[in-house]
Each structure stands twice: as structure tokens, then as C-alpha cells.
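The data blocks that follow each hold one structure.
In what comes next, chain A is part of two complexes: it sits with chain B in the first one and with chain C in the second one.
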Partner chain A sequence: MPSSTTDPGNSSPVRATRSRGLHGWRGFAFVVPYLALLILFGILPVLYALKLAFTKESGAWAGLQNFTHTATDYRFKPALVHVLLYTSVWLTLLILFVVTLALLLHGRASRASSTFRFLYYLPGALAGAASVLVWLFMLDPSVSPGSFLVHHVLRADLFVESIAPGKLPFIFAMIAFWTGAGGWVVVMYGALNTIPQELDDAARIDGAGPLTLALRVKLPLIRKWVAYMTILSFATGTQLFVEPQLVNQASLGMVPDTWSSNQLGYQLAFRYADFNSAAAISVDLLAIGLLGAVVIITRTGLFKADD
Partner chain B sequence: MKQRRLWSAAVVVMALALVGACGGSGGGSSDKADVTVWVDAARLPVAKAYQKEHPDVKMDIVTFDGDGNGATTLQTKIQLWNRSGKGWPDVIFSEQVNDPIWMARKPFEFAAPLEDLIPEEVRSQWPETSTAQCTVDGKQYCVQDNLAQVVLWVNQKKMDEFGYTVPTTWQDWAALGEKVATEHPGYIVGNIGDSFSHWIYLWGNQCPLQQLDGEDLKIDAADEHCTRTASLLDPLIENGTLPPLSVFTPDFAQQYGGDDDKVLLMPGPSWYAQAVFDDALHVPAGEMTAAAPLQWEDEPVVTGQVGGGPWIISRHAKDSKAAADFVIWATTEFNPTGEGEDARPGYPAYAPLATKWLEALSANAYFASDPAPALQAGADEVWDGWSLVTYPDQPVWSDTVVTKLVAGDSLSSLLQPFGDALTDAAEAAGYAVVDN
Partner chain C sequence: MALLLRGLRLAVLVAFAIFFVAPMVWLVLAPTKSDRDLVSRGPFTFGSFHNVALAWQHLNAFSDHIFLTWIGNSLVYAVSATAIVLVTAIPAGYALALGSFPGRRLVLTTTLVVMIMPAAALVLPIFLELNALHLIGSVFSVILPFSFFPFGVNLAYIYYSTAIPRELLDAARVDGCGEWATFWHIALPLAKPVVALVLFFSFVSDWNNFFLPYTVLGDSKQYPIQVGLSTLLSSTPAFNPATGGGGQQVGIFRPELAIATLLAVVPVAIVFMLSQRALVRGLVGGGVKE
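Then we have the complex of A and B:
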């Protein structure tokens, strides 16, 4: 992600404008270890994928052949539709709830607030795959502790019905929300803490209630953090892999093993040994992620220094 | 965040592999081992027993999730081994009967032909249908561990109690299903929600959904054999005597298993006796037995198959002789009469061993009456018009049919979508598909 060197969480706006040059170099020292990993596990694989995507198995130039070949695959469109539907449901949930919860938390007294922050963060502390396994049990009405919810909200008496094809984008969005949102609530809370107390007080003196304060004062000030979250989450969402893969195995194939685009890439590489097509799909996903990032950055002015 | 997820998945997979390796390795290290074998949990005892009997052979035993449903564990591994040019195990047991087909071919090219490794007089003791399933382009690439012919499992106790006679044809069976629905609601005469149910009902009724003829693969869901079977099953699915549930789900065990079990009849493979009725459903002893496979009115008997896991020897094996020796021992000698941990999970494919296994089965007090004759009768009746192919068809069935049956659609209305989805999968795997 291009955001690494100018992470909005790195600096308070006041300090950044005062000594940008020096600060930039100091910042660089901090990101060097990350940079090494970024090159090793981020940039080099991307270059390798680009090379594979535009060449044939023999190494000869293939042009767009791999892209057209994968785009006409019968699984490509359904997978893309699944992923886009999932991403839109998940992003909406994420932005709405994370921002609302963070604003609510910030308005509370500090002791209650810290308890809640801890509680929100807790599900995210489970590793991704492990939390999906927990959800597999949660969704099975015969063993779920919340079986009445599964019965009434999902209208499912059987695990098979919980994971019916039409419900899947929503199920996956829910799993991802519960495992990922808590961390973001804490990040947003941190962002809210950077708002100077004087601004808060001034607004109160001017007669702003908690609602006006939250929506008119705090929300515009954490806009960049929301944009940052959206960019990262958009990329994560379109590259969905673990949830459908595990549900595919747990349901003995009732969820296809090519439900998401990333899974299709995985299957192409390892079942059909077609690494070039798999790379083409990865490049598609990279392009979608980059496009999303560019749109959000230009719309929100994320990297403008003098905000 | 994406990286974090992929990483956590990788960590889980690696942890599983490590646990598996430690669980079974018995101290052997991979660079010293003479034979590295990959087995599923059910085949772990045979590998351990071989190690015990042959202390001079250094064995490295790795367990993995041998089941398929399209899980690409083995394909992924073999691709990676092929790419890195090392790491291949010497012997693999797979629960997927079609695995040797792709293992023998490009791009995997993992399996070694057995003609030079296992003597002809040993190989000839496998039934012809079994050997045919291991043969790719005229060469034999595997030996099956067990046969998985479908028979009719019968709850003798309940059938007697209700005064029913055991059906011999699919028509009688369906008629009984209708009767059970009204006279004893809640009882079932089978189930159709497993990822392999099409092998029981469609393979067993000669529905041509996977028929190789030279290079052409015939997939014809509109064939009369398919449609007439679907019409026969639909009323039973609707009246609840043939539920679209999997026997391996907790729901199923809760609803139909236990001391007061509701399983009256169930067409299913030979290994159901222990794995399903005893272990999964806890049907009490003295109730179940096997009857001969059902036939279609007065047509000749043919049946389906669910499993028949093969042993495959790697063409990269450092010591092929030692690998072959292990496979021969595992399939022709290992413990036909064992109990508990050492029990053979299925009907041995190697005929002389099957005889001993059946004798032990006849004496087993779990069964209401001797299931051996029915199993033996079904052993050579697996329909040979269902070819094994490189792609997995189970996920296609689960995804396009089972999920829709659960939602209330009829099997008849799902046959064509199933055929179409199979065609897509076959073409993606490089087959030329014809429909008549």
C-alpha cells in the first residue's frame, strides 16, 4: 500500500506542518524495517505476478491473452459478482458501525469507554482463520449458542440452510465485520483523541449538543482515517479468500471452491497448474484495489499536507 | 489485513501438517527415512503396524486430510514439490478414487506405473473393475485399498417389527418409502444430501454423467436412466423418507441416530456399517445388516461406488522397491481380522484378504444377520459406465443439487443444471464433452 510512508496515524497535523523535512527523514528511519518486508513480500511478488500474467508458460510474451482467457472462464463472473456484493455489504457495515461506535465511545466517560474498547477489540484478537472456525459453529443451528438467532434471523434449521448461496455474501460480511471491526473502532478512537480539547470546548460553548458535536465537528476531523480504513478494507474485501475456503471445506463442497476471485486464482494455479492465468486474476484484483485507492485518495484529499 | 489472513491460514495449515507429522513419525527424520508415506487418519494404523513389523525400514509417516470434496491439498503439494524438484513422499494413500487419474498425467506426473513394482500374480488378485479404475492409458497406476460397492443397508429389527419385507428392486424400495411416510412418519429409507449421493443413486442406475469413450466424455443428464431415477426419488425426497441431509452432520445423527434410530433402509457403500451406523449414528448392535444392491425392475443388477481409496507410489521414490513392499504389505497382509484400532475400515480389495475379512465380519455381533453374502455379491457389480476423471464431481453435486434440494427444488428439475455444471467443470479440465 502506498500509504505506508505517509500514514495519517504517524503524525499530528500540528507537528507535521512545523518540521516536515526533518520529520520525513525520521519517519523514513521508522519505516525501513517495514520497507524491507514490503519489498520482499509485497513488491517483488507483484512484479513476479505481472511477469507471469503477461507471459505464457514457455515464457513467451502473451499480451492480454491470460486476461481474456480468465475473463471468459465460466467461474470468473459469478466470483466477481460475489466479491463485489460482499465488499459493498461489508464496507457499508464497517464504515457505519465503526464510525458510530467510535463516536459513541468518545462521548462516554473514560472508564466505561476503555472497557468497551477492550470488548470491541477482543474478537479481532483471534487469528483470522480461527475466528472463521468459531463462526462455523455459530452458524450451525444444532450446536450454536445463538441458535434462536440462527432460526429467526437466518430462518435456518440446518447448517446447509445457514450457508444457502443467497445468504453467503452477508454471512461472510458478518464474519469479517466481527473479526475486523473492533480493531478499527480502537483506531478511530485514537483518531478522535487527536482532536484538540479546545475545539471540543469551543463547540460546546457555542451550544453544540453531543449529536452536532459528533457529526459536525468530530466526523469531518477524522475523515482521513475513515478514508484510510476504506482503502485498506476495500483491498482486503476484494481479495477475500479464507472465509469461503474454510466454509467450502466445512460444508463438504456446498459452497463452491471458486466462490471468490482469489479462490479461482488459487484453483487455476494449483488444480490446473496454470500459474499464468492465476497471476492474471491476481493482477485484476490488484488493479481493482489500486483503482479503489486512487478514487478514494483523490476524493478525500488523503495525502494533502495542508488540510 | 489480507496478508494477515493468508498468513494465519498458512500457519493453521502448517500446524496441522506438523501435528500430523509428529503424531505418526515415531522418530523417523525425513532425510534418513527409506520410505515416506502420506496417509489419512484411517490408514495410520496400517503404516504404524508395518513399522512395527519391519524395524529395519526407516519410515516417515505423515497424516493429512485425505478427503476430497475438491480439496486441493494433494494437488497443491504436488505442484509445489514439482516446482521445487524435491520433497515428494514415496507412497500416498488417498480417499479419492479418482486421484491416480490426474496423478498419472501432466502437469502432475507423480504416480509410477506398477507393472514393474508389484508382481503380476499379486495384481491379478484385484477385481477387474478395481484394476480398470486404476488404469490410465493402458498402465496401472494404483491398487485400491478397499472396495466401496453400494449395497442396501437394512435395519432388520425395525423391518421385522413393522412387518415389511426387504425390497430387491428400486421400484419396491420406492413403494416402501411411500408406505413408511404414511405408516411410520419420521423413518427414512435412505438419504440424498451427501456430497457423494449421486454415486449411490445415479451411478448405481447407469446415468451417463461421466462416461469416457476414447477422448470424448459423455455427459447426458437427459438420458432416460437419469430422468427415470429422478422421478422415482422425487416423491420420497418430498415426503421426507429420503432427506437431503448428509449422514455426517450432527443434525442427521440427532434426528435419525441413537438408541431409537429412524434408519429403516439406506442404500450405501460397504464401509457404512462401521463408519456410519456404528460410529456416527450410534445405531445399537443387533439391528443392521446388508442386503444385495437394488436393481431396476428386471434389468441386470449394477451398483454404484463411494470411495475405494487407492495407494499410489511416487515415480520420484528413492527406493521404489521398499515403497512397493510397503504397499503390498498394506493391501495384501494387513490384519483382515483386526479389531478396534487395528480394524480394517473397509472391504479389502485384494480378494484373498477379502475372504478372511468377510469371515470375521460374519462373526461380528454388531450385525442382526450376516452381511457378508450381500457385500460379496455387490463387490463385482459396480457399473463400469461411470469413468473416473481428473476433476472432482462431488463439489459440483453439492453446490448445484444438494443446496437446491434443501431449498425444496425437485431432483428432476436439477438434473439439467447438474449436467451443465459438470460439462463446465469437464471442459475446464480439458475434456471434450459430448451429450449423446
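Then we have the complex of A and C:
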């Protein structure tokens, strides 16, 4: 800050205002309305889910019973396998192609580069149910513009064959990539732009070609953003709900309504009114989300809780 | 060799552009064709505006104009929740950045953790809590959880801790302004860019949310458009052959479903296109969750 506080002529009014300002209750008052929401919808739900997860319906202490009970449910393991398979396919696509596209676009800044970024980023507007509906059309061989690919890559002649359970982790990964990858390309491109030009020039003078430059100089410098994307996407991927829920409706029950872990938790609460088991599953998923957040904050150095 | 590499680079970029854009182009053209045309004609051909009008009539007639009710619900939920977000998050970010009070660090850290955690992880716990409080089925069970938006607090916090000179606020205090007056007359007008950013992010995340309203609302008249789309999907015979009378009674076929999807994303798509630059700054400045 240019107006330094060490200026002796300035120091007395600054000291005079110390007793005022946002200290103690006066500062706290500004936070109270938000704090109420944070407690009601951020902290209390977690505590209540924990309480339910460790107690029986009667309210008696249950220990780990709800966790072992849900983990041995015949639907638990398939749901977990689906979600992990989906997440690993999605993460592979993201890391591989987002980094490749960002590096390709950054190689030569031009108007074309910004047009490409905009086109990649556009599907982000179709999040949630809308993106799933678009892809159900794309997977219907009778109307899809890519019916050739649907026939030959997915080996499907009918819509129901496109969404056969074994293909779903790959299809959901593609939908998630379609909606989210462009945003990440833009972020990575932005991060690449923070690389000082001198570094670029120095490497060029040393005889580095565009490929060496991309892999040896640029890639290491955006590593923490790649780490952030990976951890965040892993945590988000495990929570999958909308996609399988809609596909279940469009498949006449061929795809189970407990395809993902979050769906299983939902069904336990809604169909069986077994809130304790539902809470146990939601605590499992919360733990993954929480772990992801803590790793991002403590390891990537991208967020500071205080300065 | 260099020419070959440049050609390869361009080929990869164009191939991905087609992958990202083709489905959207198809969606825009779909309502211009009848259900039969969609199957028989080329996927990227234009039908007629008459078909668009027809598709809209069928969609609008579905279940006693419920489509417009869903759009209206989405607007009510997203606008009122975003209003609460602005009223709560901006002052909170302000005090967290420039104040000092017991518990400040704890609030900051908790905000950061909840912000980075996937939103879906909290839906079942929130449902269980609202269920215990007998609030399920009320519109407040959507609006109030939507109003909790830690990302907005973080954006305001970052802005106030980096972009506002403390001396300016101290000057106002010396001039006799109280804390609220200082915030209202000095700090808030200075934060217009961040207010716009919070408004945008909050609105978009509320508009696109499916899981929470799907879980806490029971009556289809209360659904926001995202959940409404899932009802329409179940009524489309191409995707759900069990639909009674092959869909004849409800009149929802693929063109109707396509126009519904298109209308559902129009508000977000417009803001999205207009605000790419501001968005990117928000993304790079504070990270965002999907």
C-alpha cells in the first residue's frame, strides 16, 4: 500500500480510530446473519447426520452398526464400484485433455485461441438435468447427429442399448467432461498467463522447442491447479446423483435407482424411511468431501484461511 | 515438419470444438422439426418456425401450463435466495476481512471448508435435518438452504482484504460515520464488481440445482424447472415407452422435450455468455465448485 502507516504525521489519527472500527462485537454483528445460515445449513446438518449415523431408531447408541449394516447391503458395493469407476474415467479425461487443450491454446495466442476457449466453455451453461437430457438425445441412435459413433463405438442400435449399465460410467464421465472441461481449460489458460514472459524467452534462447517448453516449463508451473482440479473433481465425482437418477427414469428400471452411493442413501431415506442407514451413507460421502477440502487447503497452497 | 505439427494442433482443437458445440447446435435446431422429421431428416437441418410454435403449444398445454409454473418457481427460489445471499454474505466477507473479533478465524476456516466441499454432500444431511423439523414440502426448505452460500462470503472476503485501503474506511470513521454508515456509504459502493460476481454465481448455482429441491419438495406444482425436466423426461415415449397411450394424451415428444430443455437454460446461458471475463476472474481468484 503506497500510503504507509509509518508516516509520523499520519500516525495519530490512525491510532485514534483503533478504538473504533470493526473490533469485538461491532465486527461480529456484521457476521451474525451469515453465521446463522452457516450453523443451520452447514454445521447442524453434519452434526445431526453424525448423531443419526451413530444411533438406532430408538435413539440408543449404535456404535458402528449403521455403517457395517449399510456396507454389507447388497447394493452398497456395486454403487461404490460404479462411482469409483466413473470418477476415475472422468479424472483421466479431465487431466489428459484439459492440460493438453490449455497448452495447445497457449502455444500461440491469437483471436482463434479466445474463440476456441469460448466454444469449449459454453456447455457449462447446461449444468444439471439439462446436460443429461441433451446427452440422452445424443445417445438415441435414431436422432443423434453422431449415430455413426453410437453404432460403432457404443455398439448400440437402440436407445436402451446405449445406456446399458456397463457403459454408464463412461457415458456419465463424458457428460461431466462436456459440461465442466471448458471452464477448467479457461482456468488453466489463465494460470498459464501468469507465467512471466522472461522465463518463456529464456527457455526459447536456450533452444527449447514448443513441445519442450510446454512440458518442461509450463506444465510444472500449473501443477498446483491440476492438483486442485483433480482433488475437487474426485470429491465431486463421488457425490454423483442427477445423471443416474434421470437415466433410471429413462431406462424403465433397467438401470437401478441405487446405481450411485448418493442414490442408495436417498432410497434408504425415502423408500424405507431408514434414516439412520441413510445418515451413515451420507456420513461416508461427507468424509470424502471433507477430506478433499482439507487436502486442497493444506496441500495446494491455493487457499489461505488467513493472511 | 513444423507445418505438420501446426496442422495436428489445429485438428485437435477443431475436433474438440465440434464435440463441445455440436450437441448444442442440435438442441437449438431440434424444436424446428417434428418427431418424425428428427428421425428421417439430417440432424443439422432446419425445419420450420411453425413446428417450434407447435412444440411450444404442446409443452405449454402439458399438465395445465405447469411448465410456466416451474420456470416461475425457479425464478422465485433463485431470486429470493440470491437476495438473502447478498444481504448476508457481503457484510460477512467485509467484517471477516477488515475486522477482528473472537471466532473470526474459525468462521473463515469453516466457510472455506464448506465452500470447497461438494454441495451434494450436504443434501441428504440437510434433508434429514429439515425432516426432523417437519419443514419438508415447504418452499423455505429450498430457499433457506440456497441462501447459505459460503463461496459468496469468500469472494467478498478476498475482495475486501485485497482491494480496499483501510485508510479510506478509517477516514470515514474519523469523519464521524458509525460502522453501519461506513459500510453502507463507503465499503458497499466500492464492492460493486464483487456484488455482481456473487449475484451471478449464486443465481446460477440455485437455478441449476436439482438434488436439493428433488429431495425436499413433494408437490410437482412446487418444482423448479430442473426437477420439472425430469418429469417431462418420464412423459416422453421415446425415452420412456411405458408412458400411457404412447404419449398421445400428454403430447410430449422429442421436439417438446428439446424446447423445454432449451428454455430451461436460456436465462443462465445469456448471463453466461455476457460474463465470461468476470467469471474467469472469479474462478482464478477464489476457485469454484460445480
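Quick note on the criterion: the second predicted complex is superposed on the first by the 243 of 307 C-alpha atoms of A that agree within 3 Å, B and C clash if a C-alpha of one lies under 4 Å from a C-alpha of the other, contacts with A are read in each partner's own complex, and residues count from 1 in each chain.
By our rule, a residue touches a chain if its C-beta (ideal position, glycine included) is under 8 Å from a C-beta of that chain, and two chains touch if they have at least 3 such contacts.
Bear in mind that the values here come from a model prediction, so they are computed numbers and not experimental data.
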Touched partner set for A:239, first chain B, second chain C, both or neither: both
Which superposed partner A:159 touches (first chain B, second chain C, both, neither): both
First (chain B), second (chain C), both or neither touched by A:130: both
First (chain B), second (chain C), both or neither touched by A:222: neither
First, second, both or neither for A:89, with chain B first and chain C second: neither
Residues of chain A touched, compared between chain B and chain C (which is higher): C
First, second, both or neither for A:256, with chain B first and chain C second: first
Touched partner set for A:142, first chain B, second chain C, both or neither: both
Partner chain in contact with A:105 - chain B first, chain C second, else both or neither: second
Touching partner for A:272 - first (chain B), second (chain C), both, neither: first
Those residues of chain A which chain B touches in one complex and chain C touches in the other: 41, 127-130, 140, 142-143, 159, 180, 232, 235-236, 239, 241-242, 245-246, 249, 252, 266, 269
Chain A-facing residues of chain B, complex: 1-6, 8-9, 11-12, 69-72, 75-76, 79, 107-108, 193-195, 245-246, 248-251, 254, 391-392, 394-395, 397-399, 402-403, 406-407, 424, 428-429
Residue ranges of chain A touching chain C (in the complex, touch as defined): 1, 3, 13-14, 16-17, 20-31, 33-35, 37-38, 40-46, 48-49, 52, 97, 100-101, 104-105, 107, 116, 118-130, 133-138, 140, 142-147, 159, 178-183, 186-187, 190-191, 210, 228, 232, 235-236, 238-239, 241-242, 245-246, 249-250, 252, 262, 265-266, 269, 275, 278-279, 281-282, 285-286, 288-290, 292-294, 296-297, 302-303, 305-307
Chain A contact footprint on chain C (complex, rising order): 5, 9, 12-13, 16-17, 19-24, 26-27, 30, 38-39, 43-44, 84, 87-89, 91-92, 94-96, 98-105, 107-118, 120-129, 131-132, 144-145, 147-148, 150, 153, 161, 165, 167, 169-170, 173-174, 179, 183, 204, 208-211, 214-215, 226-227, 229-230, 233-234, 238-242, 254, 257-258, 261, 264-265, 268-269, 272-273, 276, 280, 283-284, 286-290
In the complex with chain B, residue positions of chain A that touch it: 41, 73-75, 127-130, 140-143, 158-161, 164-165, 180, 232-233, 235-236, 239, 241-242, 245-246, 248-249, 251-257, 266-267, 269-273
